[in-house]
Every structure is written in C-alpha cells, then in structure tokens.
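Read from first to last, the chains carry the letters A, B, C, D and E; within each, the first residue is number 1.
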Amino acid sequence: MYDLLFLVFALPLAGFLILAFGRGRLGENGAAAVGVGSVGGAALVTAGLVAQFLGHPPDGGAYTQVLWDWMKVGGFTPHFALRLDGLSLTMLGVITGVGFMIHLFASWYMRGDDGYSRFFSYMNLFVASMVFLVLGDNLLFLYFGWEGVGLCSFLLIGFWYKDAANGSAARKAFIVTRVGDTFMAIGLFWLFRSLGTLDIQQVLQLAPQAFDSESGRQAVRGIALLLLGGAVGKSAQLPLQTWLPDAMAGPTPVSALIHAATMVTAGVYLIARTHVLFELAPDVQHLVGVVGAVTLLLAGFTALVQTDIKRVLAYSTMSQIGYMFLALGAGAWSAAIFHLMTHAFFKALLFLSAGAVILACHHEQDIRKMGGLRKTLPLAFWCFVVGGGALAAVPYITAGFYSKDEILWQAYAGGHMDLFLAGLFGALLTSIYTTRLILVVFFGEEKTHAHAGHGVSYWLPLAVLLVLSTFVGGLIHPPLEGVLPAAPGEGGGAAQLGIEALSGSVAIGGILVTALVYFTRPRALLALAQAPAAQAVRRFWFSAFGFDWLYDRLLVRPFFWLVRVCSGDLFDQAIGTIPELLRHANVLSTRTQTGRMRWYAASFAAGAVLIVAAVMFRG
Amino acid sequence: MIVPFEQVLFVSGVLFVLGLMGILIRRNILFVLMSIEVMMNSAALAFVAAGNRWGQPDGQIMFILILTLAASEASVGLALVLQIFRRFKTLDTDAASEMKG
Amino acid sequence: MNGIALLPLLPILITSATIVVAMLAVAFRRHHWWNATVVAIGLNLALLASAWLLLPEFLVRFLPQFAGAAGAPVIPRAETPLLVVDAYSAFYMSLVLATALATATLSYAYMEGHKGNREEVYLLLALSALGGLVMACSRHFASFFVGLELLSLPLYGMIGYLVKERRSLEAAMKYLVLSAAASAFILFGMALVYAQTGSLLFTEIGERAGGFAGPDHSMLLVGGALILVGIAFKLSLAPFHLWTPDVYEGAPAPVVAYLSTASKTAVFAVLLRYFVEAKAYRYGGLLDVMTVLAVLSIVLGNVLALMQDNIKRLLGYSSIAHFGYILAAFIAAGPLAVEAVGVYLLTYVVTNLAAFGVVTLMSSPYGEHDADALWDYRGLFWRRPNLSAILTVALLSLAGIPMTAGFIGKFYVFAAGVDKRLWVLMGAVAFGSAIGLFYYLRAMAQLYLRAPWVRKYSAPLDWAQGAGGVMLLALMILMLVLGVFPSPFIAIVQASGLAGQ
Amino acid sequence: MDLVFWIPALVAIVATLLAVTNYNPVHGLLYLIVSLLAVALIFFRLGAPFAGILEVIVYAGAIVVLFVFVVMMLNLGDAVVEQEKRWLKPRVWAGPAVLCGVLIVELWRVVWPAGATHPLSDAVIDAPHVGVALFGPYLLAVELASMMLLAALVAAFHLGRHD
Amino acid sequence: MILVLLFMLPFVGGFLCWQTERFGRGLPRWVALGTMVVVLGMTLYLWATGDYSVTLLGPEHHWVHEYQLAWIPRFGISFHLALDGLSLILVGLTGLLGIMAVACSWREVQRHVGFFHLNLLWNLGGVIGVFMAMDLFLFFFFWEMMLVPMYFLIALWGHNAPGGKGRVYAATKFFIFTQASGLLMLLAIIGLVFVHYQATRVITFDYPVLLHTPMGPQAEWWLMLGFFVAFAVKLPVVPLHSWLPDAHSQAPTAGSVDLAGVLLKTAAYGLLRFSLPLFPHASAQFAPVAMWLGVLGIVYGAVLAFAQNDIKRLVAYTSISHMGFVLVGIYAGTDQAMQGAVINMLAHGISAGGLFILCGEVYERLHTRDLREMGGLWSRFPFLPPIVLFFAAASLGLPGLGNFVGEFLVLLGTFRAHPLIALCSASGLVLAAAYSLIMMQRAFYGPPKGDEPLEDMNYRELATMMSLMAILLLLGIYPQPVLDVARAPVQAVQELYQSATGLLSQAGAP
C-alpha cells in the first residue's frame, strides 16, 4: 500500500493535466468527474494509507519513497522523495479528505461558470502541490510545494479575472506570501550553509550538535526567525497577514480549501516540521507564540466589525491560526496540529455553508443585506450553528472545543501565562463575533429572497463536515507520537479540568451575552455604535488595525515612487549624454569647416607655430 | 666682419614667414600664388646658404629643383586662375567656398 | 650604370616609358579606350616588375619550398645616390601601382560619361604614380622632394579635371595653394636639416645627427618639425585636415580614390623610411607632437563625420581618423610598427578603393555631379545588391569589423601599440573606432532602407560587366580574404620590412 | 656689418613685404622682382653665382613674367585696387601678422642659438661644380624634374583650356 | 572535424537560404529550419556519444572534441575549436533556440525572407563559433562577427515602436555598445598575449597556453577589466545595459529570441571560460564589485521591468534582472553557485525566448505591444494566456521549472560565501513576482477590450511552445543530465578560482 503513496499527488496532477489540455472539450460533467474524481481517488489512497499506517506502522514510524535524485551539485543532493509519517499523514488526511468534500461541493457551486474546467484544473494542481508540501522529505521539496500552492492560490483568487480587483487581490496575496517565502528560502540557504543538507531528518538530527555553540545559537536563532518569516507569510500571521482578507475575492470553495483548511496552515506545518530548530532557539519559539497571540486578538477584534460574511470568516481563520501558532510557541506541537485538523473541518464547513448562503442570495456577501435566513436555508443554518459552535469552542459537543482547550491548557501548563490569557480573551472574542454573525445572517427580518440549493454534491459535503465538526471530529487523534515531542502538560488531570471549565464558560458566556444583547437591547447596541469614539474604534478595527494603510505608505508607495523615478532608465539617460555631447562636439567642429581657404591656411600656420614651439621646448 | 651663416638662414626665415603671411591675409588668389613663390624662394635661399656652409653643390642643386617646382607650380596655378576667373568671375578665394560643413 | 643595375629600377622606368608612350598616343589620336589601355598595360607591366622584385622575399617567408624557384633574393637591389630599391620600396611601389591601376579602371568607367578631353587623366595619373614610386624608393631629400611634387602636381590637374564644375575648380584651388604651402614648409624644413647636418641622405643625417647635443640640434629638430607639418598636411592629419573634406567633395570620384590612397601611402612610406633611417625616433619631442596629432586626428575626424550627409566628405573625415590610427602604429616604432603600418595601409587602400569605387560607379553616367549624398544610396540594396554588398563590406572594413580587411589592420595597430604600451593612443583608437561605428552604420543602414522615390543617381544595370565592376568585386573579395585569411599578405608585408631596423 | 649681405637682405625683406601687401597686382609683382633680384645678390655673396644667375633669369625673368601675362590677360585695373583696399583691413591681417611674428621669433630662436655661429665661407661653388653634381649623382633627379615639368605642362594645358 | 562542420553549417545554410529565395518564399524557411535541426541533432549526437566528465584546465587539458589548424602563424593564431560540456550545452541551446527563432518568424517575416534567414543563421553560426573557439583571436573574431547579422536583423526587420527611437537607432546602439566594449577586450587580449610573450618569448593566442601566463597583479587587474567590460556590456550588467531594452523592443521576434536566449549567454560563457580562469586572482579581487553589480542588476532590472508599458521592454528588463543572478553566481565562486549560473543561463534562454515568442504572437494578433491597450485578453484566447502564465511563472522562479533550479542554486551557493549579497539578491525573488504578475495582470486580467475572439495559436506555435515548456519543466525537475555535462568544466574553473579566493578553507560545509 505504501508503494501507492505517489498516487496521492499523481492523481490530482493527472487530473490537472487532463483538464488543462482538454479544456473546453470535456463539458461540465466531464470536468467535474475528472476534477473531483482525481481528488477522490487521492482521498481513497490516503484512507488506505491511514488504515495501513494505523494497523502496521512502518519501521521507525516513517516511510520514504524516493522517486528520483533531483540534482547533485557539490554536496547539495536533494532527492525527489516522499516521506510519510504521522504528521504528514494527518496533513494528507486533511488535504485529501476535506479537499475532496470541497471539490464535491464546488462541483455544485461552480456550475454554470465560464471557467468550470479551468477551476478544477487549478484546484487539482493545488491539491497536488499541497501534497508535495506535506510529503516532501527535504526542505527544498517542501519549498517546491510551498511555492506551488502559492501559485495556485494566486490563480484561484484571480479566478474571475474580468474584475481587475480580483487580479490585484491575487497579486497581493502572491507577493505578500512571496516575501515570507523569500525569508524562508534564505533560511534554507543558511541551514545548508550550517549543516550542508536540507534533508529534514538529517537537519533534525544534526542540528543539536551543530548549533551547540555561541555562534551556532546565533545561527539557529536566525534560521528559526527566517523560517518563521516564511510561516507567517503563508499562514497570514502578523506582520504579513494583510493578504488573507483580500484573498476572499476567489470563489468560496477556494476560500474554504486554500484559505481556511489547508494552505494557510502550511506555516503551522512548517514550524512543527522543523520543531527541533525552534526548540534550539527558545526565544524565537516564544516569539511564535506571541505572534500567534497578537494575531488572534487583532483578527478577533477585526472580525467583530466586518460586514462581509467571507471576511468575517477570513479574520476568524487568521485568529484560529493564531491559536495554532500560540500552541507552537507554547511547545504544544500536537495540540497545534490537532487544532489544525479540527479547524479544517469546521472552517471548511463554515465557508461552504457561507458559500451556500452567498449563492442563495445571488452572490450577495454583505451580511447587513441578509437576515432571517434560517427558515429558507435550514441546512446552511445548522451548519453555521455547528460550525460556529466549534469555532467558538462550545464545550464538549464540538470538535473545536477539544483542540482549543488543549492549546489553552498546554499554554497554561507550560507556564506561558501571557499566551494563556491572550488565548482566553481571544476565545471570548471568537464567541462574540461568531454569535453576531449567525444572529445577523440567520435571525431578524428577511431582507432578501434566498434559494436553497439541492443535489447530493450540495448537501453531502456539508453533512460530512457537519458531523466532523461536532465532538466526532474531536475524537480523531492524529498519530503524532514520535514525530513531535510531547508537550509539557500531558495528562493534566484536575488542573486541566479547571482550564476546560474556564474556557468553556468563557465561550458560552460570550455567546449568551451577545445573544442577550442582540435580542433584548438592539437599540442600545446601535446607539453605542453611533457614538463618535465607537465609530473611530470601529473604523480602526474594520481596517484591521490599519495595516494595509501602513504598508501602503511604508512599502507600496515608495516602491511606486521608485518605479516612477526609474521609469526613464536613469543609467540610459546618463549614457545618453555621451551621444549628446558628441553631437555638440560635431556641431562645433563642423563650424571649423568654413570652406574658406584663408581660414584653412590660418589653421595650418597656427598648427605649425604650435608644433615648432612644442618641439623647441620639449627638445 | 663676416656674416654668420645663421643670419642668412634667419633672413630666409623672415622671407618665408612673409610669404606665409601673404597666404594668410590675401583674398586675391594671384597674390596668394605670389606669396607661394616667395616661400619657395626663401627655402631656396636657405638651401643655398646651407650649401655655402658645407661647401657643397647640393644646396644649389636643391635650388635648381625648387626653381623647377616653382615654375611648374606657377604655371599650373596660373592656368587654374584663368579657369577660376572664367567660372567665378572673380579672383576672390572666399567666393569659392561653396563646400563646407 | 649598366643594364643589370638598372633592372631594379624597372618599375620606375616602365612607368616613365608609359608616360611617354601615352603622351605620344594621345598626341597621335584621341581615343578613350585606346589611350586608357596603353596606360593600363604600362602600369600592369610596372606592377609585375615590382611584384617580381618582392617575390623572392615573399616566397622565403611564406612558401619556403618554392623559394629556390624564383632565384636568390637580391634585395636590396640597387642603391643609387637618390633611390634605393629594396623589398620595402618594392612593396610600396606595388601598392601605389595597384592603386593607380584601380584608379585608371575606375576613371575609365567614370570618364565615359564625361564631355570634354578624357584622355589626359591617364597621363596625369601615370605621372602621379611615378611620383609615388619615386617616394617609395627615396632615400634622399632631393628624391623625396621631387617625388612628392611629382605626386602632387598632376593631382592639381586631376582634382580640377572637370573644369566646368565650380566645385572641382574650388577643390583644385584649395589643394594647390595649401599643398604648395605645405611643400614650402617641407622644403624649409629640409633646408634647416641640411644646414645642421650637411647631408641630404637619410642615413647620413641619422649618423651625423648623433653627434649633436644640447641646443645644437634645435635646427635639426625644428627642421624635422617643419617637414612633419608638411607631411601632416599631405596625410590630412588634424589640425592640418581642414582641406580634406572639401577637396574630396569637389574632386571627381576616381581621383579621390587615388588621392585618399596612393598619394597618402607614398607619403607615409617615405615618412617611415625617413624616421627609421634618419633615426628620428630618438627625438621624444617629435613623437610627442605626433601623438598629439594622432589623437587629434582620431577624435576630430570621427566627430566631424558623425552627422555628415555627404558620403565623399564622410569618407574624407574617416580618412583623417584612419591616418590617426596609422600614425598611432607608426609612433610605436620598431619592426612591428613597420609591419603594422604596412598592413594597415594595405587594408586601408583596398577598402577605400572599394568605397570610392562604388561612389564612382554610382556617379559615372551623368558625369557632372557625383552621387555623393547619402540620400542617393537609400535602398540601394534592393536595386543593386552586389554594389551595395561591396559598399557594405567596405564600410564594415573601415569600421574594423572582423571578417573584413579593416579588422586585421586595427588588430595590428593594437598589437603595435600594446607592445609599446601606448595606452593613451590605444585608448584614443578604441574611442575613435567606437564613435566611428556610428557614422559607418548610419551610412550602411541607408543602403538597406526602403526608398520610395525615384532614384536619380544610379549605376547602370550592366555596371558589373565593365572593368570597374569586375575590379570592385575583386576588391570586395580581397577585403574578405584579407580579413579571413591574412597570412599571405602578412608575409608580404613582413618580407618588405625596412632594413636598418 | 657685412653690407654686401645686409643691404640686399634688407631690400629683399622690405620688397617682399611690399609685394605681399600691395593693393595693385602689377606693383606687387614689381616689388617681387626687386626682392628676387636682391636675393640673387645674396646668392652671389654666398658664393653661388650660378644660382644667382638662374634666379634672375628663371625666377625674375620667366616666372614673374608669367604672372604679369596673366594679370594682363585678366585685365585687372583700378577696380581691383579698390577691392584689395577693402579686403586688406587690419581686422584681416592683424591675426595672421601676430601668428607670423611668433613664427619669426621661433625661427630666430632656432637658427640663432647663442654662441653657435658658423661664419660664411668665401669659397665659390660655380657652374662647373654644380653641373658635375647635377649630372652625376643627381642625374635621376634631373630626369624626374623633367617629368615634373611635363606634368605641369599637361595639367596647365588641361586646366587652362578655353572651351 | 565535426566541430568545423557544426560551425560551418549555419553559414552554409544561411547562404543557401539567401540563394533559394528565388525559388519561392517558403523554401528559405525550410532550409533554415533544416539547418538548425541538423545543428541540434549533431549536438545531441555529440552529447550522446561523448564523455564529458573529464575536462581539465591544465597543461594536460583535455577537450572532448578538438580541432586545430594554423591560421595566422605570425601571431601564433590558430583556428582552434574545442568542445567541452559547457560549450556543448550552450551550442545545444543555440540550436534549439535557432529552431524556435526560425519557427516564430514563419509568419512574421514576409520581406526578403532569404536575406533574413541568412542573417539569422550567420548570427547563430557566429554564436556557435564563440562557444567553441579556444583561440582568443578566434573568439574575438566570432564575438564581433555575430554583431553584424544581428544589426541587420534589428535594423531591417525590426519594429518602429511608437514613441521609441526607431529600429535603426536601436540597432546602432546595440552595435556600438558591444563593439566599443569589444575593442577594450581586444586590447586586453593583445595585452595578455604580449605579457605572455614577454614572460615566455612565445607569441600565441591559444587559450590553453595562455591560461598559465605569469603576470603581475596590476597587469592582471587591467587585463581582467578589459575582458569584464566587454562581457558586462553583453550580459548586460546594469550601468551598461541600456542598449538591451531598445534592441529587444525594436527587434523582430526571432531577433529578440536570439538576443535574449543566446547572445546574452555568450557573455556569461565568456566570464566562465575566459575572465575567471585567465585572471583568477584579479577576478577574486574584483568579485565583490561584480557581485554587487549583479545585485544592482537584479533589483534595477526588476524595478524597471515593473515600470514598462511595452510588453517586450518589460521582458527585456527581466532579462537584465535574471542575468544579474548569473553574474552573482559566477563570481560567488562556490560550486553550487557556478553550476546554478549555468542552469540559469539555460533556463533563462528558454524562458525569455518563450516569452519573446509569445509577445510576438500577441503583437501579430493585436498589432500593439502596449500593455495599456491590452487587458482582459484571457477570455479572447483559449491557449495563449495559460502558456504566458507558464513562462511568467518560470520567470518568477517557480519551483519545478528550470529558472528556479538556477536561481536557487545560485543563491544557495552565494549564501555560503557571501551571505549579505545572497540576501540582497533574494529580494529579486519578490520583485520577480511583482513584475511577472503585473505583466499577467495588465495583459490578461481585467475587463476585455473587445468581444471578438482572437485567432488562437496554430499547431506550429503550439508545438514550439510545448517543446520549450517541456524542456523548462524537465530542467526544473530533473536538471541532473545538464549538470553532469557542465560539471567538469565548471568545476575546473571553480577550483582555479577558489584557490585564488581562498574560499575553500573558509566555507564550512562540504
């Protein structure tokens, strides 16, 4: 079974190629069959792999399939090799499983669009790249997938290319993540410089000795920082988070797959993968947590005031990934991955049902124009309730609770009180904005006439994800033992129960309070919102704390200024002065050609006088 | 008192320069040709003077050759003057400055 | 003097005989083809004779296995008091004679359309060539001077040959007056040198000059400088270059071909011999002056040519620059410099002949006004591809692009200069070549651009069947062969090195 | 002071100066003849009687006469004198005069270096000496000079044609 | 002998093209195509049959194929052709892009087809000569010889871009830049020969002999500079680059392909083959300057590419940026960097060539190259936009495509020796994304300017593009065959150079 590992990427890749070359000739059903079927096949293979892995784990807990040598240059010999261990298996499950559901949903969602087969070709390419990312056994291979998903993200965000804004959003997403990628690439160069290899296992083995000196510690700190740079870019954490909300310009299934479930969590994966390096640089590791904590708070505040349904979800994604970073920072490696998984379930669910809502409301995304949809869209409503519950971590019945609670507990147990408190406060924010979203969209008066979708590709993915977002999802435990080190607070007992109770009550409290205010004092809320100070705060939060503005002033405008200054090619102009000078010289010297013989004779005589003088004095 | 040979050379130099000046200042091509003759003649004088210094006939032979040249030059030049006067109706050298630049 | 001793003077004698015969032929009956043929035959014989002088030396160097067949090398063959016939002079005589022949051929094509006396031009050409031959052999001030004048005097007639053309007359006037002034300078300079050294023979001057010191040899030096002034005029080196474009523009095209090649070649030959034999290289002052002249010529020549729209003027300016390059090689001194000068002159002569040849053929049928505006050449390639190809190769060769003769010449200049570390000069050469490209390309591009209008000046369709056309094609091939396979030519030039180095 | 040399020398210089600056072509030519005759006297003083005689016969007698012929042919009269007066302004001659002055100073410095003076010899090199040399080593030069004259003949013939 | 054949072929073929035009317009195209196919075929044959693992730059140098014939014995100049892995790769690239150039001008060139192909093939022949010449004189000979046909290609078949200064201007600028710098190189070559002559009394232009010229540091420095300037102009290195955008934007498609794909590579080749091995110490001393110039090129090229409105100019500036990587890689002196530079040369040749062909195709259909007049083209072609996307992705260094391998290796290798330079160069990755995507976006995204679909690519165009894409992809995921061939010569240079830099001991990693 392990031999079939390559199929996990080969099938989607084949799907991509078929769709890319057969475009326009397959028809919508054919394209759907290829696009969804290839990912389905990959999911099946993954299921088989999971079964085998759980039943008969490979030696050493990992299986490596070497496809071919990529290149051999000096001491640099990366292979094209796939490595399957618990971590990548988990990721694989999420990618192909959730990916399959989203593909299925998309085959319904995208129906009637011009670029139907194009859409699936991109999606398949994305899945293949993502599989590369998680299966790569060396960092170069990982980087390969890393960039591949970036490109697919670009393509899919700009899928509706006729609107120039979508193109800009896509470009922004790519370039901002590319900044992070470049940090990561530099990190790889440094790693190679220090260790002479990019093979992940070798890196992890060699690192502790190699960096066991003062300069080594400096180096590993730098490397870890650079890798963190890559991770924050991909995972939309501070300070490279600005692209994610704009990325919502893509079709909603894309947001579900790429910008919620899989790609944006790649940063988490990367840090977990290279955990040894971060452990060797504890201050950077703590920084990871701090980044996560700040992001989750910032995103939480922003989500509170957003009016676009997808943007609310986008900020919530940022915030949830913040939790994962927080977990990584706290050393709760497994908890982070666990949260990654459950988050994939419930956020995919939320996005898909948001998609259902948007489609039902004729591509309307503004929640202020929605309302009272629970009657017309019952499935979507329940999905939102469950997914939102998981997001807010309603105790015990949702998947989100298990993972988030784990994170908070580990943070607490590891002594990271700052992270713990931030997480707790974030939980409150989460429950508030989630409740707000559900209430605004599904309760109140009906403002638009919505059409519910139907068909198996519509409800099946929702149903499956719905189930997974409940406590069922929380029961799935990724087989991460041996891959990631154990966290400090394993098996906490009573203290853990206490934390559970605390976080649960925060979540429920947030929900209740919000609902209460919404149902009983809507006017007071409005009045509060009208206050000038509140307006200012709201605007500030709405703009996600002004990062876009800041970057515009700090980076974009200077760049465009530079471009404008250089656009005439300064060096070309500088060199252009030479012909200009020569032309002047030509004009001047041509004036000496007067055509008058006496003048010629005079120059003759003058030349003679000068030469005689020169010879006399020079001797 | 015996004249130093250098003084003769200097006189020929003065004549030479006077001829040159004639070329530089005259617009009438006839005078220009005359000035050329003066220059040739001064060179001849220098040769003869040098021949005197070394007691050789070579200076005088050069004089004879220069004389030949002067005659040739004058004949060709005067023929040209005639032709130019015919085409340009003037002996002004500045009038014949169509080509420039 | 017995007959054998006269043998080496054969080229000169044959040319003189040709002149006499041609004069008689013209006197007997004016007939263009017939008179031209007489001169051509005579010049051919003279060329054969001078090539025969060079042959043994060449064979020794290039094809040693055949060296015996041509007889033992007997050069230097003769040293009359005034002339010396050695391999060096044989080479330059050949060059002058070949150029004269080419000019005769071009003149024939050109003069066909001329109304008026057409025959004297050959006579004048042969006379001028004789002057060139004398200069190539000259080792004495007297022969130097007589040769120079014999070279120049017929040129007055040739430049003003189109007596109805105002521009032709104007050119003749300018050249005559200034050239005569230059001759006067040379004469006065010679007189000073003679006054100081008491000899007119180059080698003796060199020997005696060694004995002077301090301010004593100032007369010698200034004499040399005055000679240099005159020669610089003849070579149109800046700042004595002002006449060049005007004369080039006004003179008939084939005459310019001759003026820009043979006359300058002969002058350079004698200058080089004078510098070597009279050991003038030891005077740093003279060399410094020459360096300045070379740099000035290179810069001014190229700069002046930049925006020039008249191809004859353009080639005139370009020749100013080219003699700057040659002078740069000249200044380097030593055997390599002599060789470099020889090679460069060879390539330059071939190239310039081809370029002016095309101008000549373009101008021939209408006689009165040469096709000298760049405008006239626009789109020529699409009408006369071969003629354009010749001009293209010539322009590329002038620009010094590989595969053409000019590149070999430039290579030699660089070699000579680098060998002696003349960095300033080499920098000037490189700079000049770089800006020179601009106008060569500008002229070249004209040939290939579309020309929608009526072409007024155009070569006859059958141009290639005439002797001029055949010769131009041969020149193009020669340019390419020189550029690609220069070894035999290098061997010739090497064979004709100057003794006494 | 060697008056036999200096008087003709001064005459020559003054006459030449007048020749090249005169307004009237005929007067200029007359001054030129004076100058040439003075130079011929110097030749005699330099012990070159043959050269002196040639100077008188060929230069003054032939070449200058040629000029006179041309002047007569072209019929240059008072109009020319007026014209020359207009042309010969200080503005025109000042620059060249300075230039020539510098050149004279230079030549003076060159030919008259302090202390290095060679007195003229009184030896006479007369016609036989010259003839022997001319038809000995300089034979070829004579022949070539004849060619030169031929060239001048042909060129002048062609250029001077009247058609 | 096969080498002589290889380099003669384009010349003979070109001549035939010219002469066969009288029998029909199509014929020259087929002759040209056939010639270039044979060239490529011969390269592949040489590749398949030769052993390219043992090239030494030593007294006992060994070339895989060699041909030597006395040419100008006066100066010890010989007609010396030789082939090693590096040459082979680049000759192969020339053959490949030659085919592409012929193919892409199939419909574009309608005037004087024969003469066009004559120029094209002669240019390619000159380039092949450059890659195989092992005599410095011969090298220079070819170096200059390839200019004239290129001049004609630009001046006669080029475009007069609106607002631009015209094709003759561009051609002249190109010519003067390269020729002027070439003269400096000629001076340096002759200087080197005379230095060698003074040391050994042997006058020769033979490369292997000159490799071991003893010279003082100052002489070495100046001579190296002479070579460097010539190569820097051709590469181009930033302050000397200004001929390139003009030449590219006015050149016909085939000319651009040729320029970007092959001609620029001659400079990099020259650096690797001549500048570094002949003057290792001076080069090592000069390396920081060269590398910083490379960084400047990377950034400056990218910024200017971003600023362009003319799509061909945009691509032209990207070439400057990419060649900056090559320059950095060559001077970094580690094996990864140098071999990365080689891969980068190859990949850039193909990707830039592809982009230029695509620009040409867009121009053929829209009759404009102005990005402001494009927009929304995605909906109007089925195939062209994704293919452009592919090449844009290649140019921004997407992993899996050849450029990535090159750039990554360059940066990886450079970081080992000069972290700061690698750091600054890496900014090029971000900027590359910026200009590639802005190009995509301005041309293909946004509301379409018209409704009627444009003529899509025909099979000829598709086939050329597909083959280029396949090669680029192969280079991206399995560059090993190329690396194998290039390793020996590059390593030899690198060792020579590294012993000069003293880097070997300093780099900690293997």
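In the analysis below, a residue touches a chain if its C-beta (ideal position, glycine included) is under 8 Å from a C-beta of that chain, and two chains touch if they have at least 3 such contacts.
As the structure is a prediction and not an experimental result, all values here were calculated from the model.
Common partners of subunit A and subunit D, by the touch rule above, are B, C. Chain E has the Cα centre that lies closest to the mean of all protein Cα atoms in view.
In terms of the distance between Cα centroids, subunit B is separated most widely from A.
Among the remaining chains, the Cα-based centre furthest from that of subunit E is the centre of D. In whole angstrom, the spacing between the mean C-alpha positions of subunit A and subunit C is 77. Distance from the subunit D centre to the subunit E centre is 70 Å, each centre being the mean of its Cα atoms. Between the Cα centres of subunit B and subunit D there is a gap of 6 Å. Distance between subunit B and subunit C, defined via averaged C-alpha coordinates, is recorded as 26 Å. For subunit E, the set of residues touching two or more other chains is empty. The residues of subunit D that reach two or more other chains are 95-96, 99-100, 103, 106-107, 109-111, 113, 116, 138, 141, 145, 148, 151-152, 155-157, 159, 161, listed in rising order. Taken residue by residue, subunit A touches two or more other chains at 590, 593, 595, 597, 601-602, 605-606, 608, 612, 616, whereas all remaining positions touch fewer. Contact between chains, as defined at the top, is found for A-B, A-C, A-D, A-E, B-C, B-D, C-D, C-E.
By the touch rule above, subunit A contacts subunit D in their complex via residues 602, 605-606, 608-609, 612-613, 616.
Residues of subunit A that touch subunit C in their complex: 579, 582-583, 585-587, 589-590, 592-593, 595, 597, 599-601, 603-604, 606-608, 611-612, 614-616, 618-619.
By the touch criterion stated above, subunit D contacts subunit C in their complex at residues 106-107, 109-111, 113-114, 116, 137-138, 140-141, 143-145, 147-148, 150-152, 154-159, 161, 163.
Put simply, subunit B touches subunit A in their complex at residues 20, 23-27, 32, 93-94, 96-101. Listing the residues of subunit B that touch subunit D in their complex gives 1-11, 13-22, 24-28, 30-31, 33-35, 37-38, 41, 44-45, 48-49, 51-53, 55-61, 63-65, 67-76, 78-83, 85-86, 91-92.
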